[in-house]
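Below, each structure is written out as structure tokens.
Both of the next two complexes hold chain A, though its partner changes from chain B to chain C.
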Partner chain A sequence: MKRKGYGRGGRNEYISLDGLRVDGRRPEEVRHIACRIGTPGNSVDGNAYFEQGNTRVLATVVGPRDRKSSTHRNEEGMDLKCNYSNRQDRRSAREFEPLLENMFRSVILVDQYPKSRLDISVEVIQADGSLLCAAVNAISLALLHAGVPMKDMICAATVGMIDGMCVIDLNGYESSADGPVLQIGVLAQTGSISLLDISTRLSSTSQLQEMVSAGTEGCKGIYAVVRSEAHDLIIRLASSRGVLGA
Partner chain B sequence: MARIVTPGSILGKAGEVSDGLGCYVEGDEAFSSVTGITHQDGRGRLISVDVIRERKAIVPLVGSVVTCRVLRINSRFATVEILVVDGIPLRSVFRGIIRVQDVREFEVDQVDIPKSFRPGDIVVAEVISLGDKQYHSLSTAKDEHGVIHALCSQSGEAMVPINSEQMQCPKTQINEWRKVAKS
Partner chain C sequence: MNEMVDVEVDDHCTVVVRAATRSRTEDVDRSSELGQMCVVAGDQIHVEPGFVRGRGTLTESGLLIATVGGVVDRVNKLVSVRPLVSRYTPEIGDVVIGRVVEVSQNRWKLDVDARQEAVLMLSAMNLPGGAQRRRTYEDELNMRSLIKEEDLISAEVQELKQDGGIALHTRSMKYGRLSEGQLVRVKSALIKRQKKRFQMLPCEIHAIFGNNGYIWLSEEEPRKELEEQGRNTETPKTSLDGRRRISRLRNSILILNEMSMTIHAQTIMDVYITSEQAGLREFEMLRQNVREQLIERVRNRGNF
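Showing the complex of A and B:
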């Protein structure tokens, strides 16, 4: 999406004199997050919808189930396959899929599921920056819905450095700024980092530290929303089955 | 007190939690691996985390007792689809085979697959190995494992076991051979 009217004198302005970003956010502010675990009328094992500003993704999980074909990459353990689809940018799938597979293989308790297959698929409904991170968050929720055992939940956020200022959760317009962009995925409760991907060289390690700590804060904010949604799901299911008294 | 937990929530010290579904231990602490409600036994000890879902994410492991349906038979083995693992229905079936040498414990060389199973029978078996690439290997050698439900090939009525090797149709009084599970 191309926007006009922000630019001045050939160079775009990303942060106004008041210190606000193009969409009126403060630098450390994450866009509005909405998520829904388990969309009705779906036959898959787990699914989740995740929305971060104008970025909207849908993740589904099928499995663990029997492997059908006899060609396996992993003879004994679990086959984890991720399918990412973004109709506007088909090339990104090749870059994101292995990244997502490795990331979730490290967090799912794969040794409990020998000789089985787990299929994850992510569909980008609307793209406005931070796509990989939205995909990670949506997959986390879908896995949670499928009841697949994980060590922890992964929450991810993008951090950009624009005009020497750390900005969290870049939108599509800010993603086209030429500053460094860091994608960070954090194990929500233990706080350890499971994904760290940076687009350009940084001038100093202190800059990296600043971005990482800003990103971790962003992830915490996202996790708060995600967790309350998970709690709602459990209360909803538990009370409908009379498991939980009050 | 039941608690709502998400993956990564600390459940307690490793010794306090008995290793159950939905928990994992790292270092000396136990964590939840699923979203659900904690369960305690009579003495207030936490035993497991229950996922509240229609069907749990579960796969057959070595030693699991499974309930399966016979799909095809030949002289060497019966091909089955695994429907239930340890009392929990699967979301999607897994394939397994019961080889002729794993049907019963005694007189193994006398076993005849067509005299033990027929397609459509419901069989309780134990997983003995995860097998080759495609199939889980199952065994019905134990007394309590074997056919638990079978239909008469003539009338289609559910048959009743009369001994450990035969079942009888209540309608036609025909006896059919099966490896019957001891109840």
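Showing the complex of A and C:
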């Protein structure tokens, strides 16, 4: 993955003199996003495919369904279980799963579903950086497809600080740069932050502020794409069913 | 026409390719009246002051927010969002079809594709012979001779518990164990809410439209022999011709499900008859390209 000797003089170069990144993007530019909700011929409640540059993930949601009595964990609300699988990096599951679970438990109206459980699973098809964020975005869409009630949709983006510059949506190569990397997830409409994960120590709070505001902007951009896809799906479903007349 | 064979989906990539080619072809009008009424979870809904919050919404600092993706429904002051896809939400009086997953002390647990399993109490069903009496310990021991695991049951929703539990009853001649037929599972939201759940379709097949998205098709009228209850009563075997008609109906229903169209006797028969007129055999109906052409022809008939 690591392209050795990209820059001159032994050190890897991430941002060129023109201010462009290795894949020709500007620092605040997000890679091309494509998403599809509901693949045909699938018996799960909700599923969504999300693609951000070369990062491709597929999220599926099963439930809310009956919780078997042996797994009584949360008496009040619904049990949420997340299963993340990346065949190239099996260790990341242990780190990501609790993060994703906590994050979505905060937006899903869990108390409306006592004695039931929800299973979310994410499969990484292709990995090129920003995996956690792609997973978050895919899960948001899959939950919407399953009709699970949520306060809001979550959108996430990765922000890195490379050579003193804020760059959004790191790809695989940029992820290996040694600067701080921030994963940020925001509730799309209200803008409140639901995930904030920083890889290394930051030198100042102003640096954090800069990264957070850049990340929030990135999330907004991603949400615009995600929302229009979701909205289209709903209009399509409504019109094929003739909801207006019913 | 039949050359293109459906690719068996064995890994995620093929799923994606098919999905990608599908959704781009349909164009969507976002500014239309319908487009305005469609919301995504988290969207703010514009309301007049004095509104009443309905299902699928949430109030946050005076604003009304949608919690599911769907269509905004306004009835006088009540504003709710009707989800277009969701699990079955039971209501009292619904006819459901369920599969028994567990036999316990004095109740059966049924999977009705809802957020929780439904409960059918021993006391909520008629005893064989229609005797009216207290259920004894003996009855509890004989529960498996009435209904056992994996059996299919038609029943009615009797009560919804505070914690979301679903209680069923079969205290009517028309409900009970189902046999000699086929179950078709569709999205529950697609089934049209109508008075008659037990119908005889024009092709002389009996259908039960469970509100939970389970449809039962059989040649014989279901539940006629309930009085002489007992698993041993032989139901006549379905004829070959009956099986053919049931298969065609099943495939018609699955096509409607795939295209997210409302499912009721009329729409099913539209697809059924069109497929017959097109000279398609039952097993050919579900092929991808055939399916699309079929729907196109049905739409052109003007019944939708």
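Descriptive notes on the structure:
Rule of thumb we're sticking to: the second predicted complex is superposed on the first by the 238 of 246 C-alpha atoms of A that agree within 3 Å, B and C clash if a C-alpha of one lies under 4 Å from a C-alpha of the other, contacts with A are read in each partner's own complex, and residues count from 1 in each chain.
The rule is simple: a residue touches a chain if its C-beta (ideal position, glycine included) is under 8 Å from a C-beta of that chain, and two chains touch if they have at least 3 such contacts.
Not measured: the values here are computed from a predicted model.
Once chain A is used to superpose the two complexes, chain B occupies space that clashes with chain C.
Touch criterion met: A:M150 reaches chain B and chain C at once. Using the contact criterion defined above for the overlaid structures, shared-chain residue A:E174 touches neither chain B nor chain C, since it reaches no partner. In the superposed pair of complexes, A:L109 makes contact with chain B and with chain C alike. Contact with neither chain B nor chain C is seen for A:D79 once the two complexes are overlaid on the shared chain. Comparing chain B with chain C, the partner in contact with more residues of chain A is C.
Of the two partner chains placed around the shared chain by superposition, neither chain B nor chain C is touched by A:E97. Once the two complexes are overlaid on the shared chain, A:D128 sits clear of chain B and of chain C alike. Put simply, chain A uses residues 45, 63-66, 109, 113-116, 144-153, 187-190, 227, 230-231, 233-235, 237-238, 241, 243-244 to touch chain B in one complex and chain C in the other. By the touch rule above, chain C contacts chain A in their complex via residues 9, 12-13, 15-16, 18-20, 22-23, 26, 28-30, 32-35, 37-44, 56, 58, 60, 65, 67-71, 82-87, 111, 115-117, 163-165, 190, 258-262, 304. Residues 2, 4, 6-10, 22, 24, 26, 31, 33-37, 50-53, 55-59, 61, 91-95, 130, 133-134, 136 of chain B touch chain A in their complex. By the touch rule above, chain A contacts chain C in their complex via residues 34, 36, 38-42, 45-46, 49, 56, 58, 63-66, 109, 113-116, 123, 125, 143-153, 187-190, 227-228, 230-244, 246.
Put simply, chain A touches chain B in their complex at residues 45, 63-67, 70, 72, 75-76, 109, 112-116, 144-153, 187-190, 227, 230-231, 233-235, 237-238, 241, 243-244.
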